[in-house]
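Shared between the two complexes below is chain A, which pairs with chain B and chain C, respectively.
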Partner chain A sequence: MIRFSPTGKVFRVWRRFSSLSANTMPLTETITNTFRTNELDPINHRKDHDGRFYSISQSVKKQLFSGGGLPKEYKELSETLNGLSIMVRKPAIELITYLNKTNFDAPVNRYVLYGKTGSGKSVSLAHILHYGSNAGMVLVHVPWVPNWVRFPKGCTPSVIHPNKYDHPIESVEWLRHFSTQNGPLMQKLELKTTETYAWSKREMTAVGSPLSELIDLGMNRAKHATDCVTALLCELKKAALSKRCRVLVVIDGFNSFFSPKSRVRREDKSIVLPTEFVLTDAFLSLTRNDWNNGAIVVSVDASAHPSELRESPLPRYQLGKQGFEHLDPFIPIEVPNYSEKEFHSQIDYYVERNWLQQPKARTERGRAELSFTSGNHPLSLMKLVAPY
Partner chain B sequence: MSLFGVLRKLPSFNAIHCHINFLGRIARQQPYSMYQPFVKEPTYSIEKLDQLIESGEAKKREFVPVKAARSDHNVSVFHDELTSKFINMVMEKGHKEVATKLVETAYMKIKQMQLAKYYKATTDAERAEIELNPIVIFHKALENCKPVLQLTPIKRGGATYQVPIPITENRARFLAMKWMILESREKERTVHFPERLAYELLEAFNNTGKVVKRKQDLHKQCETNRAYAHYRWG
Partner chain C sequence: MAVLRELVVFPSKCFRGVRSYFFSAPLFQNGSLKLNESVSKDGHALDFEQSDTKKMSKAMKSYMERAKIHDNFIKQQLHEYNIGKRHLANMMGKDPEFFTQTDVDEAIRYLFPSGLFDPRARPMMKHPDEIYPKRKAAEFDVNGRPYHSLFYTSKPNYYTLMHDLAVKFKQLDRHEDKIISRGIQNQKPTELFLFGSEWIPKQKIENVLLESLTDAQYVNLIKTFERFSQHPYSVIEKDFIMQFRRQLAAQVEIQQVPELMRDESGRPYMTYNARRKTSNATVKVIGQGTGVISINETDIHFFQREQDKKQIIFPLQFSDMLGKVDVVATVDGCGTSAQSGAIRLGISMCLRSFVNAETIERMRLAGLLSFDPRTRERKKPGQAGARKKFTWKKR
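Presenting the complex of A and B:
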């Protein structure tokens, strides 16, 4: 309401805004529903587990994620809260249902997780990785492709492939990650090479030698590590085809393979595209649907591309023409923001773990505020709750 | 035409509210304020508004002019006035977002450190003793850092003496915050402001640390200079 003083000045007049519904909400703490599940095996996760947290033991976390796979802040938070617990959400449940019903004699299915940055794709992939591990599948896991494209520790021109580039350090790290994830399984499967690999005039890996020898060679000799990775992926594909093992390929930030630029430059300062990396060829060969007895789960994220290519989170835009034609046909699975049930479950978890400390924030009004200001977006919620 | 009217017409006095006291001297009421003296501070907390309505105070205030809302006044469940004040003091060159982020990161680090202790504790008694709420820790830490006396330079016979005088609540709060910020800015290159602030706040909460020591040094100085206390009155 506006009032005018005798001198002509305008004063703002105080009025009670009766339409504020927030003040009618009670200021007592609420925990809305049961937010945990005792079902610790992802193979058994179904629709009723939606919105519930299941905990992953320290040993499994170390085995699966010590080389990467969980987002940095998420991992730090799980360490602060004294245990890794992942929320079972619809995209992961959908994938698990598909994987449980897959006809492994048919060519591999390709699943693409997409959604806004921070909506939970990497964590869903982590869930699927745990599933694959429990289901006895060989895990071929790339934690975050942009690490190879944007922050390579040193690319060298490839000896074997002309005009292509090796990632010696990253390949050694990846082989280490592979052997940590699949160590016990590889010992059990005892896969053998089907070809001879000549590394130099005197060094070679003969036909029929165990795959672990190939991996060890790659880990010890950085110069040959990238070619070891290529050879390993080739062998796994053949092993899957001949029904000796079942392979689950999980790649986070797959669209980075088709990024328009990288941080690698040639001597003449021209930029090397990701499609000119040997590692790209290796993984693109594995993600083709010319083999069976496996599954390929991939995520595309806007943050995996440079800022010019972040307009839309959808797969066709993020993959580009080349990437789309490579992956087509695939099954797109959206990773949306939290539903109301998932949101309350997340807040319950934070309250139970003593992370959300402010007493008023734990109330119905506080939850309404958090839901509104975060837009039910998982990453935004995590950041809003962090200081309080 | 009153002197007051004359003054209001002069453009340079637009921002100054003056009144003429009985000696005819101009006494400044609210220098530099854009508002007239009768304009009230806004009440923006929903609980306080509800209280005013219940008590009937609201009816009396219906036509009282109120100052404009400040950008950091909000009804969020996370709003804390003391934290707002602190963020303003941390802020440099008007970069409020940076200052907010620094203080919020410090709160997060406090939670992390306290939770580490909490989950390490084995008995319920130990756990009950650990305070986890960063705002509670912040309030208590500031309380522990507030001095009760301050020194002021007073000249007597050519020499300047540091005389202990009483301190107002606002001044004490200001000094506590200022010392806390200054202490958190001194650091190694690798330890950033939020981490340092978190450590300092936790130490002050336990009545230890450099800021509490500074307060205690000030109190000691006041004690040594108590002989000059009468200089306050000439």
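Presenting the complex of A and C:
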């Protein structure tokens, strides 16, 4: 079936999938529609891939995102629609261009993705994560910082750092996530510690022991997990500095580190600020531009802050004075609503996956109504198109 | 002024709903409808037994007395009204000879200003006929013999009317026969053209006939009239029929659709201020657009609920202008429902200038161009809310 696109003179050829049987991946078939692209390596994504979907294989998805990184509804939808396909959009293309051209001898660049809630920042970060993985960079990925600030599973006062708080359970989870993401790469790199770490009178990690040992210790001993994380980040920084590896730091919801409150309370019921977490110190240290051979990509989102601080999506407002001074200078990259081309591409994808089943929704008028009612906002469109 | 105060009727003093066959000014004396004879016959006494006559005389006497009192009362009221009119004209510095009822109304409004909402509750000074309900003229003579042949039907006027219709129908038939027999070709039969008017309602017929009718009787009457006016030569009896029809309000004139204006860049646009409940919206629809919408400087997500977004999209979808025009709206007041309704009306009114007449008519039929007059109903004393009552306790 050939039809004219509403935007111009582009012809579209619909693929008919007779059934969406399990594990039918469009990868294996020749893709002839214009809303998909064959280029599956993010390193090669350029401007002409804008508005097109590329598929991520199950194994890659498992490796990169099993500890988090994709928004919950997005992930569920991808499972329903039989395969994770991410739309290549301008913010990600811009970032990839920068990362490809980076002079890794210069201090690390910091990129801040900002935009309205639900405009596609997390998915762009996921795209960058895939890029980093393919580019052989060590991934330091925090899926969603507010999970540590708003829903900590139990904060304990730190032993080593006075007046600071540990996240034993979250640190273990994060170390597991790190090792899943970087497992093969870490084996290949064989990084070693540069310091001795004494955990207690009897336990210590000597100089020159593999980093995987450090990670394993953290995973097994929740009590020391947070300090393991700190140590790991420190080591990675040093490793990058001494050119032993290249590090990509990806943090979603970075502004939560500077949130005015958290759900952690001391015995006297006073609130513990996020800046009093050990994990915050660790990641803030890593996101300083006092090292090279790496890149730092963070996102700031209004939903990462309590409702009092959601007036504006812009970085200066979301980061606050402290956060801004920490990250300054950074490169802000806006994640806007869908452009017309991206919108139609998204609808084409939904139609092809049989997610948009109403025949009226597939017409020009239907598309116009969807565009208007969702305001071309990615999250709104996803919710609008959902069955309930 | 003291004199006037007695003449001006404050509605609490009005006679209302007095139902009796007492005497009043006669009706329809000049028209073709003759309901009853007004002149009371000088009845020659019938040969009744003395006791009966005496009995009837007593009843008749009191009847006549009451009738007389009422008659005098009305005469007195009329006299006072006329005098009062002259006084009023004097007060207002106008010529008493040419002082009309409208002048009287104006003067009363000036001298007795009232803040009451219902016009019928405000002070008025009108001709006694308009204030005091009409009553039937004498229905039977001194001896109790009714004047009207159909008196014992208890609704003589109604049945007279029905009989008249039947008679007239026969007359029209005879006229038609004559025309046919003479073979007059050029005289075309003409039905009465009844467009633009409707039969007067039951209440009005009752006022005219001075008799109460059941619904069935009214329906019967109207059916008879319908049948009568469908006769090919009913135009002959046009005056008679038109007495029982009232003109409908003139068709709403087609509102002038304002012309499109042009802004600096040459794009056509139209603005409208729309209201709904207590919210006001200023809407500007700009042509040669791509479907951009701005509400209070934010996008469509100013409204979070889907129903509000649907209200906004409805006029654009309906007139096929979605994606062809841009909308800039500012709105305040009330709640989201009212705000979205106001914006919807604003968009519809602006779109009139962009679309053809057929679409405007379709929009009007769809209700897009109508102002929604519904407002919050007031809470009444003795109730919990506008309609909700307090808990009813049996004891």
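Points to keep in mind about this one:
By definition in this document, the second predicted complex is superposed on the first by the 354 of 388 C-alpha atoms of A that agree within 3 Å, B and C clash if a C-alpha of one lies under 4 Å from a C-alpha of the other, contacts with A are read in each partner's own complex, and residues count from 1 in each chain.
What we mean here is this: a residue touches a chain if its C-beta (ideal position, glycine included) is under 8 Å from a C-beta of that chain, and two chains touch if they have at least 3 such contacts.
None of the values given here were measured: they were computed from a predicted structure.
By the touch criterion defined above, A:363 reaches chain B but does not reach chain C. Touch criterion met: A:375 reaches chain C, while chain B stays clear of it.
In the superposed pair of complexes, A:80 makes contact with chain B only, with no contact to chain C. Looking at the superposition, the partner that touches the larger set of chain A residues, chain B or chain C, turns out to be B.
Contacts of A:388 after superposition on the shared chain: chain B is touched, whereas chain C is not. In the three-chain superposition model, chain A touches both chain B and chain C at residues 365, 369, 373.
On the chain C side of its complex with chain A, the touching residues are 291, 293, 299-301, 306, 309-310, 313, 316-317, 322-323.
Remark: chain A residues 365, 368-369, 371-375, 377, 380 touch chain C in the complex.
Per the touch definition, chain B reaches chain A in the complex via residues 39-40, 42-43, 46, 49-50, 53, 58, 61-66, 68, 75-78, 103-105, 107-108, 111-112, 115-116, 118-119, 132-135. Of all residues in chain A, only 3, 11-16, 20, 22-23, 80-82, 354-355, 357-358, 360-361, 363, 365-366, 369, 373, 386-388 touch chain B in the complex they form.
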